[in-house]
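Order of writing sets the labels: A, B and C. Residues in every chain begin at 1.
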Amino acid sequence: MPAVDLRAARAALRARTPLVHCLTNTVVQTITANALLAAGAAPAMVDAPEEAGDFAAVASAVLVNVGTVHARTAEAMRLAARSAGAAGTPWVLDPVAVGGLVYRTELATELVGLRPTVVRGNASEILALAGAGSGGRGVDSTDSTENAAKAAAELATRTGGVVAVSGEVDLVTDGRRTIRIGGGSALLTRTTGAGCALGALVAAYVAATEDPLVGTVAAHAHVAVAAERAARLAHGPGTFAPAWLDALDAVDGEALAAADVT
Amino acid sequence: MPAVDLRAARAALRARTPLVHCLTNTVVQTITANALLAAGAAPAMVDAPEEAGDFAAVASAVLVNVGTVHARTAEAMRLAARSAGAAGTPWVLDPVAVGGLVYRTELATELVGLRPTVVRGNASEILALAGAGSGGRGVDSTDSTENAAKAAAELATRTGGVVAVSGEVDLVTDGRRTIRIGGGSALLTRTTGAGCALGALVAAYVAATEDPLVGTVAAHAHVAVAAERAARLAHGPGTFAPAWLDALDAVDGEALAAADVT
Amino acid sequence: MPAVDLRAARAALRARTPLVHCLTNTVVQTITANALLAAGAAPAMVDAPEEAGDFAAVASAVLVNVGTVHARTAEAMRLAARSAGAAGTPWVLDPVAVGGLVYRTELATELVGLRPTVVRGNASEILALAGAGSGGRGVDSTDSTENAAKAAAELATRTGGVVAVSGEVDLVTDGRRTIRIGGGSALLTRTTGAGCALGALVAAYVAATEDPLVGTVAAHAHVAVAAERAARLAHGPGTFAPAWLDALDAVDGEALAAADVT
């Protein structure tokens, strides 16, 4: 396994309080912002074309999530991604439901050409984006993480960045190094926006760490460890969400270092 | 009372995990998605005109809620409703605040002409849509459910579908059969989106059952029974919402069969 | 200190159930609506240009929050503000992130010219709006409340209304009278939308009371006292939010009268 110092990553996130500019879907904006705040980052959601480019240039990192994209927000995403690229600011692409819908698949393909620092999706989305799959249905994945391992590595090589495949076991690769993160809780899949919030946390961690692979792994481990804690306290999917936010706050470097990362 | 097998409806929902395509207002997207997930359905929110028609054709059911509608989303709603109709996919219209505002009243009237499988609203909205009332103020109802019974039956006859009037006692009719659902909790009215989430659950249940009247009743009973459980655990309107989601998950066929349905 | 009867303000809010028309950012719509419901007001979110002007004319108060503004919602905000002004309906401007971004700064400056009843922001936003500061980064403030006291008073004199500066200690002024509200909890700053919901509660209280200064102070005191209660019950930022909503409901006139208001 490559050297991944999760303790240092947690400390770096807390020390730098990265400002994450989120262009994300309207279903998950609240939990995304709250997850960033809980973990120790700062959220800002600016998705007007008049502002998105300027704001991306001053943010610590940018998240582009196409979950409820339409013409105006697609334009804002293009401007933010270009601006982030020009400024050397890390940015994350979350290709929600790509593969099943033509409009967003074309947009995501265009955005991949702008070389996102990280692409984070489920197996169906990564396969579709790599040109190898049929897409899921909405946020569900109909493919398994390991089935997408090869496509993820190829996509990472193409972008020169990192690709993360979320599933029961998460897989993170930059084309040369591949790391798997286990643990977590099935309740994450029953909480709207948990996966989308993970994309925002990837952006925060990548802004706070030197190596995007390490930052991406740290975000996945943080979400998984917090989910395990929350699952022990929750009485169902409704009480899981606030408990998970509490746990995102409480998880420290020591807890993160004990995550199931191989 | 017509034969309504709520135990079978609950089992059917769990077995089929219907994918509900929600074109709904931005205030309630999160709780709507979480309520669907908690109950055992799958949400997807796609409201770009470029995608809404295609997605409606592959979804199990469609929800059209005009709460924060504007030109773009109105167009997406028209496309989704037409696509659902052409595919024989059940769809639900929630005419939020119709009657008080011209723009959405014209849109909802147009959508009624596309014959929604179910119309779900409060008494003021149903009266307005049936051409018989003055509308409420926002999501409040200034009329009582029983006052809307005749208008609901007439509207159901006109659409050939089901009309549900939410209130202290809910009323569900297809113009021939009328069923009332009691119980629930006043805390539902103090939780933003509980009524809108009910509309999405109606879509899910109608997708999972043969008879739209039965599916609509099952959704209302599910919400009411879960609200009663949550009200016993909650310390106020804030802790009610997560407890209600927990209860939507926990309510099984036996609990549903004990609902106040007459 | 000017005479501020918080007990009477709380009773007036409960008695009148003001309908607050919120044109606000999509990140915070849910918590804003739930905070209004918890406190005893009624929310409605209508942001289509086709409807916003008409609805503002019938609402008890209007909130204009530019957090995620874009061309369509900017137009709806202009129409709502003009309509509220013409109807003599109180309206609140929340200039989120003004100063740092040109588009919304121009819009907010234009809206200030329409003389909002109350402007509520953090120190950086108020300084920027008064033409005296550099703006914060998103919803963060990089300036202190007391640094903005002079600019707030000048801005209030210019609009003929009230200006509120939120911070560790809040400052409310109409240019002649200045009141400070202490207490609260740092967890408010870790809950997305707590500040934006405060803006909506200001609108509700101003609709329910005679003197906008008193209404604005009452809203700030209500939020602070509820936050103190919630902080004692919460296990972190996730469980704080529902506990805060519970407390917004539970806080009565007596509790409000004991707030740290000087």
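Note that a contact is a pair of C-beta atoms (placed from the backbone, for glycine too) under 8 Å apart; a residue touches a chain by one contact, two chains touch by 3 or more.
The chain list, named the UniProt way, goes like this: A, B, C = Hydroxyethylthiazole kinase.
Owing to the predicted nature of the structure, the values given are computational and were not obtained by experimental measurement.
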{"item": "Subunit C and subunit B - chains in contact with each", "value": "A"}
{"item": "Self-contact between copies subunit A and subunit C, residue sets same or different by half", "value": "different"}
{"item": "Subunit A-subunit C separation of Cα centroids, rounded to whole Å", "value": "32"}
{"item": "Per-residue overlap in subunit C, given as positions that touch at least 2 other chains", "value": "26, 30, 241-242"}
{"item": "Parts of subunit C lying in touch with subunit B, wherever the complex brings them together", "value": "19, 26, 29-30, 33-34, 37-38, 42-51, 54-55, 58, 72, 241-250"}
{"item": "Subunit C to subunit A touching residues, read off their complex", "value": "25-28, 30-31, 67-71, 97, 100-104, 137-140, 190-193, 234-239, 241-242"}
